[in-house]
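See the structures that follow.
Two complexes, one shared chain (chain A), two partners (chain B, chain C).
The block that comes next holds the complex of A and B.
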């Protein structure tokens, strides 16, 4: 919703993935990457009529960086301890200085919706194409066209073309599909593969597959040292050969073909091929090779006898994987992984838990053996994954909050991630991130399974829609969309 | 006499308050000790740093000790503050105010429909004394009883029918079955059979000798039907995207939203008790008349 209402200084073009001017006409990064200076557009007003100036940007930054707020966007700007300083030399100029250099600083402003410092309507006064006219928590949001929106088309007509947007928070996918087919809603973003095929069979013109997205599905083993698992299982999970063998025994092509009806592709690593700049194109998805998997296991002392794999101490190789209940794609993936692993004598038990219970296990009690989950990525910059890859981070899921890195390769990844975060040269950063991806590919703390495609369904009445892989996939060009009745309704 | 009545009413109100508080305590205890309590999905957001994740966890410290939470909650309740919903990040009172009319409308409409249809069918089945009508109505009620509320809700969505009417179909078979049995037993009393044999007015027989003696039980059934409709509203509203209390309860349960769930438990308990008490009081008056 923020994309539809919030005005930002810089917008990352969802098609080209490049940063472009929005409320800022130009910007300059200086002071070794610590300072960013913006020149702002003039004569712009918020939806309630209050004028926009550099004071609003300063106010927004002050709110965003308030330590008590703890917003994910604010955290992306926190490179070090210390205060963020703003200087307003003129109403259309502002310089923002951070305590330490931030790599990819300009693109982070794509997420910062500017708020009015003076408007009595506070955050309800917006600079984006729409403002919130009505809101019912957990049910719907009614947006109305911002009468003061600054953008105009080539003919001088004020944008956006659509007068109002009704966002329905729909719980039930079947109902949602039915409403689309009946023409009650105009588009559905992030469609499931099964529903995508249903739409295709009913009316192929409605279905859009934008290609592989940034989202990934992965599985990992619990490597937490003080977890309540038996020692021999901890030893299996800590073994790179074991993880690589499990990875090689999984047929990713089949997962993409059967579970996602072909609307996914085997995943390579932490960065999806959809991320044009940061993906390491030298890497390929791990091949499906059960013989190689058995060879790796044999080198570690595992033996396959009578269809059952045992470790060197005679323990039968059996473990459970937890995933979130109700997510049929993950449940099906787990079933297919179970069948693949049975081929090399590993017994996999599938446990489905509701989401809060699953989070409790992977973040608090560590009472689990393996977990199958997805990662939704909205950000292209690898900095957004810092809290996953740093060994000291809470979201370093296979073994979080380590005081010192427990393996050499984790120490190396820590070094690379810190190095890329403190360098402003994109080429250098890319080389560090490439190396990080290679280590992740080699060590497989996460066994990446597939990257889903960005699927959507768009009614014929919605014109100029060109879905892309980055969120918001369908309405990234909301300014240019139009409908017959000029009202778009969306889930 | 008047004083005794006031005392009795006071006792009744006290009993309701006590049960509502007990319901709230049990609700709070169940949520607090359910797996996954106190976790926040946002903890998995890779953009959040360590301090933010710790802050998210810290927010729920008060709720960890459910006794402390409940005492604080009751203190706030006396000041008219129902607390904040963690899931929606809005005051619970606002959410209830927004959503209660939707559920009240659904429950009210469905009860009116279910009672009109169910009770009419029961009267028809008993008074006609025709086995085909009785069998047909019983089969219909049996079929509706076998269909889960969720399946009916989806069928209604497919058929573009108003989904809130599903609640009527959930309550209808219960009303039909119980009221039919009550009326049939009453209609089989020797004095009723004698009156019919003597050719007394059918309407008079029905109202004075069949319905009046079972009125307290029928009224008790009315009380129960309110809680039946309220319970069915949870899956129906969640599946059909009806923005009422049921959908709120569903979301709150999935997110282990303690403040919201405690309030909802107490409201459902209160509505059920009030409906039952009202029916009890009316039933007592009928008993007096019948005596």
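The block that comes next holds the complex of A and C.
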């Protein structure tokens, strides 16, 4: 919705993954990365006709950084304590100063939809290609073309081509699929592998696999020191060799081939290969090698006897993995991991829990042994993963909110993540993030399983659609999409 | 009707026999994944093809039926026993005891069953084998499913307590437990049996519902619930009709139980 209606100063091109000018013609980062100065386009109006100026940008930033608003977008700009200052030297110029340097500052503005400071319609006045004309909670949203949208095509025709967009909220994938086949809807984003294959078998021209996405599926062991687990299990889970052995015993190729029907690929680490700049290309997915897994376990004193693995004190190696009920892909992955681990003598019990119960266990009671979940990632910049990789972070799932890092490698990751966040030189940042990925690959606090592909179905009547791996996968170039043989046909 | 009932009995016996002797009939394991043959069509090797992980569907149907068919009656037995105890004592005692117990029963009936099951299941220990997890699920069903039957038993006990033959027994000096045990309980047998037969298909359906939500029997153990989950997506409907076998079996078994139930109701 925000992508369709919000006008932003800078837009990250979903195809090239580079930042480009939008409402800002140009920008400059100065003051050691604390200040960004924008030169804005002139003569632009909001959808309700009110003029756009630097005052609107200042108003938006003030609102965004207001702690009482609790904006997640605002959080990504919070580099340090202190106020964000805005200076408007001219109606088409604005300088925004943050209390501390922010790495990747310009790309963060891709998420900031500019609001009008003066329009009586407030947030309903927009600068994006569409405005909200009508909506019914839980049912649909009707968007109409913004008559004041600033972009034009090469022939001078005002964009977007499509007059209106009707977003249906469908609870049922089957209904959605039937409506697509009947031509009642024009596209479906983030399609499941099963449905994708169905579309392919019916009409291959509708199915689009944009390749591996930023989303990952992973499992991890509970390493919280004061969790209610027995001491010997805590020792297993804290052992790098144990985690590496479990990782090597899992056949990721099979997970991708069987569970995701080949529309996924074995995951490497915290950054997906889809992230062109930040992915460490030196790393490969951990190979499936059960002999190596057993060797690692033997070095740690584990012994495989009569098909059962025991630790040096004779405890049978058995643990449970929790996942959210109703997600058949995760349940299937867990079942395949169960068989893989059984082959090295590990007994895995699968427990599916309703989501609130699962969250309670992994964030409050820590009464679980291993967990299998996925991560939906929308942001390319590694800063977005600070809340996962810093040992003090609440989302440092295997052992959250540590006062001081409990292991040397976590301390090293903390150092690297902080270093990359306070450096403006992209090359240096990349070297820190590469090193962080290497440590994560080596230590495997998260056992990354697969990265799903970005799958979508697009009707033949929707022209100029080029699905990409970044969200919104299908309508990232909504300005240029058209329906049917002609442009600007009522839809 | 008699013929239909006979057919139902024979059918249940055949299904029950096949499930009990599944180990002898089938060499393959219900958990083994033939990873080179996921979603395979029926063949001489896999009579009903394989599921999405390559597991033999025929073997899973037999084992799943065994799980549901063995444990649902066990849960129904527990529920009927609790209903007999709670409803019987309340009906026999009468007065404020009956009012209090029945008010508690009404409160129990008003609880959202499915959510209660989900909540109770969520607080159970995690590290249990699939077999124990399925036993726990059905034990929960049994422990939570007594209330409706208890109301019926209570009403029946009240009517028996006020009947002429009980009055005669009282006049002859019978009282307390003797009266309950010798005169009332034997007359409750038919209603308890009917409640038992009602509970069996109801529990099978509840487990299937839990399975559909992914909260039923833990993988890799199959049950009707987990087998029916495969039918959730419409893509199945067109391509692989053999996936309907668990559904057909489920309908036939539940219908057979209902035919037997009709007989019990007539007897009652």
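Heads up, the rule we're going with is that the second predicted complex is superposed on the first by the 484 of 491 C-alpha atoms of A that agree within 3 Å, B and C clash if a C-alpha of one lies under 4 Å from a C-alpha of the other, contacts with A are read in each partner's own complex, and residues count from 1 in each chain.
One rule holds for everything that comes next: a residue touches a chain if its C-beta (ideal position, glycine included) is under 8 Å from a C-beta of that chain, and two chains touch if they have at least 3 such contacts.
Keep in mind that what you see is a predicted model, and the values were worked out from it rather than measured.
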Simultaneous placement of chain C and chain B on chain A, clash or fit: fit
Which of chain B and chain C A:335 touches, first, second, both or neither: second
Partner chain(s) touched by A:387 [first = chain B, second = chain C, both, neither]: first
Touching partner for A:395 - first (chain B), second (chain C), both, neither: first
Contacts of A:379 with chain B and chain C, given as first, second, both or neither: first
Partner chain in contact with A:73 - chain B first, chain C second, else both or neither: first
Touching partner for A:357 - first (chain B), second (chain C), both, neither: both
Partner chain in contact with A:174 - chain B first, chain C second, else both or neither: both
First, second, both or neither for A:195, with chain B first and chain C second: second
First, second, both or neither for A:139, with chain B first and chain C second: first
Minimal inter-chain CA distance - chain C and chain B, angstrom: 5
On chain A, the residue positions that both chain B and chain C contact, one per complex: 174, 178, 353-354, 357
Chain C residues touching chain A - in the complex, by the definition given at the top: 31-33, 35, 38, 52-54, 118-119, 122-123, 126-130, 133, 213-215, 218-220, 229, 233-235
Chain A residues touching chain B - in the complex, by the definition given at the top: 67-68, 70-73, 75-76, 78, 136-140, 168, 170-172, 174-175, 178, 182, 353-360, 363-364, 375, 379, 384-388, 392-395, 401
Chain A residues touching chain C - in the complex, by the definition given at the top: 173-174, 177-178, 194-195, 197-198, 254, 258-259, 318-320, 322, 325-328, 331-332, 334-336, 338-339, 349-354, 357, 367-369
Contact set on chain B toward chain A in their complex: 35-53, 55-56, 87-88, 90, 95, 98, 154, 157-158, 160, 238-241, 243, 247-248, 250-251, 254-256
